[in-house]
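Both complexes shown next keep chain A, but they swap its partner, so chain B is in the first and chain C is in the second.
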Partner chain A sequence: MAGLNPGRAARRPALWRPLVLVCAGLYFLVPLAASVIFTVDVPGEGVTFDAYTQILGTEGFVSSLLLSLELAAATIAVVLLLMVPAMVALRLGAPRLRPVVEVVCSLPLVVPPIAFVAGLGTVLKWGPEHLSRTPLFQTFVAIQNPDFPVVLVLAYVVMALPFVYRALDAGLRAMDVRTLVEAARSCGANWPQALVRAVLPNLRGALLNSAFLTLALVLGEFTVAQLLGFRPFAVWIVNVSGSQAQLSVAVSVLSLLVTWAMLLALASFGGRARTASASRG
Partner chain B sequence: MTAVVTEADTPLVAAASPKRRPRAGGWLAVLPLLAFVAIAFGLPALAMLNGAFTVKDQSSGATSYTTANMTASVQGAYLTAMLGSVKLSAVSAGLAAVLGLPLAQAVVTSPFPALREAVLTASGVLANFGGVPLAFAFVATLGNSGVLTRQLGLTDKGWDLYSFWGLVIVYLYFLIPLMVLTITPALDGLRVQWREAAQNNGATGPQYWLHVALPVLAPSLLGGLVLLFGSAFAAYATAAAMVGSSIPLVTLQIADAISGNVLVGQENVALALSLDMVLIAGLVMAVYLPLQRRSARWLA
Partner chain C sequence: MTVLETTATDTTDTAATVEFRGLRREFGTTVALDGLDLTVRPGELLALLGPSGCGKTTALRMLAGFEHPDAGEVLVDGEDVTRVPAHRRDAGMVFQSYSLFPHLSALDNVAFGLRMRKVRTAERRSRAGELLDLVGLADKGDRYPHQLSGGQQQRVALARALALRPRVLLLDEPLSALDAKVRLTLREEIRRLQQELGITTLFVTHDQEEALSMADRVAVMHAGRLEQCAAPVELYGRPATAFVAEFVGTMSRIPGRLDGTTVEVLGRRLPVDGTAPAGDEVDVLLRPEAVGVRPDDAGDARVVASAFLGAATRLTVRLADGTEVKADLPTHEAATLGAGTAVTVSLPERPVLVAPRTTR
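Then we have the complex of A and B:
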């Protein structure tokens, strides 16, 4: 393009591209900037950083954030333990199951979170209504323990499946699992060794990617937690917004920026890993 | 023939036994995933399906099968909410598609790889994890006591964030990034040679876009549009954190009915509404997946 028609090709993008980028930049940055101003410049008080210094001391912040982080850790562990062996097995020995797994992992996309939680709430109500005389009732009580609601982990694992499937699929596509495993087996490794020491290190980027996406999903999740009556981070932000508007906006902006920085760091890390492996072989 | 078989017998057995083991192992490795999804996802889905078609008699406690819930879910306030959701999703998805395409093209043709990486990552964050923080950022900016509202005196000019167009502006904040994410691979797939060929044949820029680029992009564009519609349709957290229930949206109605805010005994209508949503989301996917497959052909 540039070689054939240099004058036209060089002039046109120079005009429209900055224009589009500036407009988009304005639309996407103004709300963030305005939020920062909103938290810092309180009417009647002048410029103050109270909203940020108060965050740590506010009732419920630490406990709700910790709850969210614990839920995220549990969700990441469960979803990876379920998905990694399954995805590797699909490449190795059960290719006919692949469409099944693909459909199963895409199903949560068809059921919006609000519809999912409506069904989940119905199931949870069976506990007191039908099962109160059976041992299963204790299970129903236990998974709804407000200190660590296992039922949220179950829901979040389901909601993370599409993201994790895509991340792992992309990672596995970039490598030859069968050859790797066969090489490891020829060198005398047993199956778990081949998986842990040959396949997983090559999947590092995809594993990190899945973990971060799941973390971001759990930290920001509001619908399921609120409607089931639990109080992790996002629900706490909404609850606190009524009395402390500045504080809730400050926490919101921080959480958006932190998520973005995390994923950006991951992207640059992944990019470097990719170029490194490409130059190696 | 028998001779051949006996000759090949030993290597065949040797080759088959390691092959069969991983296959059994493969099933075993996939089984926990399927079992988990069956319990954590299948059970709620069945409960929803069952609840949508049953009604419980308050006095006797007996349940019976009926289509009354489904009928109720497409009448009155619920119909208004459903139409409100469809209208909001359609308008914001259309706008986001129109605005996201030039942004994606600007990012794709940008000479700075860092800009591309930053925009695409930010798009990933905003498109998938906006929710509550997003709502509050907009409340702080354009809400009743928001920074821009106060500085520019927008309230006097009739601005209200907690209205249809207010929600559209907020929804665009996660729909445009989603469009950028969806359309970028397709834009990457537009070959420079096609533009060169068009130019060699005397086509102008607009002609190239109208006759070459847009037809190639059409499946991706349509697919993106459908995906955006689905995403806006399913959004709940943003709307709930922002407007409470002053705007009729089907997600807000479901939430109200589940928590028993409106009337007792509306839980099953909430399940029927959920089923309506699943049907619409399923329709969205049924349109999206073939379009995506079609556009993938050009990217190969």
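Then we have the complex of A and C:
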């Protein structure tokens, strides 16, 4: 809002612009400001930042946040390792399969998480019953380890597919993958080298986008984790809000700021890497 | 220029022979290559010329290792490379366009292959610098592809293709995305470099002017087969097939009557060049520069159109029987021959090419 110039508003053609900006700003900032005021203005005590200082000390904060970040890292790694080679292969080998893959990758948007987790829960219950005498039983136990629930990673990979597909598709569209790979191959690069040296560096923007969208998804995901009985960050916030309302809102505000900070960090990291490679040449 | 000298001595000794033997390739129902046999001599620039879809690019890509034949083999220096993967083929390739790595500077693009070969950084950079110097872009090493013009990008691509001292240089329509002026200068430059380095080069193009002006020999392809492979002069003067005759340069067809080894055309009897086809109804093939046109009020031919080409003007003349003939005249002579002028058409006393009749 600081950038709003009153002189501009006076000019008639641009009148609608500040208006839209003010409306949008109010829409986003009023709830945020209300949250902040709620956390710092304690009735009878005046302004205090106790809610924020308490956060670190509250039981479960660090562990749940760490769990969420670990899950996010694992999900990003798995989904990119799965999707990048698949999308490149799709472009090079079977362009006619693209609509099929697009529909499959978009399915998680159509299937509501609640239905998804219901199915997942059924399998998790059914599996151990029928497989109790086989080594697979241990697998079912292992993927539900509350310290690091692999099953959540698997679920999040599926849920991140639509976003990652779209981000990577946009990135691949912007370049001629086939020619770049062939150019690299005629320069003596084998397949993995061509992929890593010629294609991936030109996909950096798309990779960062995918990573960030996945990170945001995992940090904010509640339904699946809650219904499967795990306790990552979003679940912890909701649990805590029952007993300590101010604290939970403070955490929400903080997590919003943290997400913004990460977005800025990723964006500036991408920008710096680009200028760094520019000066290196 | 040290790189030029070393590379030149390296390659003239070892310039490779390339052989295609019975190459066949089908994509679904379309036959891209239908038994292609072709030999590229050491150190020559051979142009693969043909209309789009004739299989010329497929043949080039088979030599590069990007396509695999259904049948037949590719030999380099007598050695079968059909099953060798692309990155071990030892062939430098220049693509149509946009093939430079966008994230690397011109210098790093040229050095890419050396990096794959694990050449040390200092040596790599100095060699890449020399190659950029060779293509006249020594001062543009730190530019990124998007900061270079189309012609400069193709020069960098050429330097990159030469960086690994390949045995064969492959050019896949490298000039087709450039504008006319740049195309001409780059054409000469590619030819000069190729001759200095003495590297066996295969050049794919659909532009006959490009092929005729640059190549030692031109291989004309049609429907997956080789029609004729000959030096440009021979290809133009003595086309082996009717397809070559009409694809290379401009050719008019006039109906004539074959009589033994002579053909009757435009009221004259001329000897047949080459072997005469069976049947006596034939078409005589004429180059526009071989056709004479002079104004004649009693003539039964009419000028229907004229196109100014600079020194010459190309007239389209309709004969009494409705056949149209193209003729090139010096512009000062053609000035008096506007559309509708009555003319007579004459032929020089020289053997003519004939083909089985296709007109009407």
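The rule we apply is simple: the second predicted complex is superposed on the first by the 240 of 281 C-alpha atoms of A that agree within 3 Å, B and C clash if a C-alpha of one lies under 4 Å from a C-alpha of the other, contacts with A are read in each partner's own complex, and residues count from 1 in each chain.
Here, a residue touches a chain if its C-beta (ideal position, glycine included) is under 8 Å from a C-beta of that chain, and two chains touch if they have at least 3 such contacts.
Predicted model only: the values in this text are computed from it and were never measured.
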Message: One more residue to check, A:Pro99. First (chain B), second (chain C), both or neither?
response: neither
Message: Looking at A:Thr259, would you say it contacts chain B, chain C, both, or neither? Reply first, second, both or neither.
response: first
- request: With the two complexes superposed on chain A, say which partner A:Thr179 touches: chain B (first), chain C (second), both, or neither.
  value: second
- prompt: In the superposed model, does chain B or chain C contact more residues of chain A?
  reply: B
Task: Report for A:Asn190: first if it touches chain B alone, second if chain C alone, otherwise both or neither.
output: second
- request: Once the structures are superposed on A, label A:Pro128 by its partner contacts, choosing first (chain B), second (chain C), both or neither.
  value: neither
Task: Look at A:Asn202 in the shared chain and tell me whether it touches chain B only, chain C only, both, or neither; answer first, second, both or neither.
output: second
Message: Shared contact residues on chain A, chain B side and chain C side combined as an intersection?
response: none
- prompt: Which of the residues in chain B end up touching chain A in this complex?
  reply: 19, 21-30, 32-34, 36-37, 39-41, 43-48, 51, 102-103, 105-107, 109-110, 115, 117-118, 120-122, 124-126, 128-134, 136-142, 145-148, 150, 172-173, 176, 192, 195-196, 199-200, 205, 233-234, 236-237, 240-241, 251, 254-255, 258-259, 267, 270-271, 273-275, 277-278, 281-282, 285
Field: Residues on chain C engaged by chain A in the complex (per definition of touch)
entry: 64-66, 85-89, 91-93, 95, 98-108, 112-113, 115-117, 141-142, 144, 157, 160-161, 163-164, 170
Message: For the complex, give me every residue of chain A touching chain B.
response: 1, 4-5, 12-13, 16-17, 20-21, 24, 27-28, 30-32, 34-35, 37-39, 41, 43, 78, 81-83, 85-86, 88-90, 92-94, 97, 100-101, 104, 106-123, 126, 154-155, 157-158, 161, 163, 191, 213, 216-217, 219-223, 226-227, 234, 237-238, 241, 245, 248-249, 251-253, 255-256, 259-260, 263-264, 267-268, 271
- line: Given the complex, residues on chain A that touch chain C span 175-176, 179-180, 182-190, 193-194, 197-198, 201-202, 204, 277-278, 281
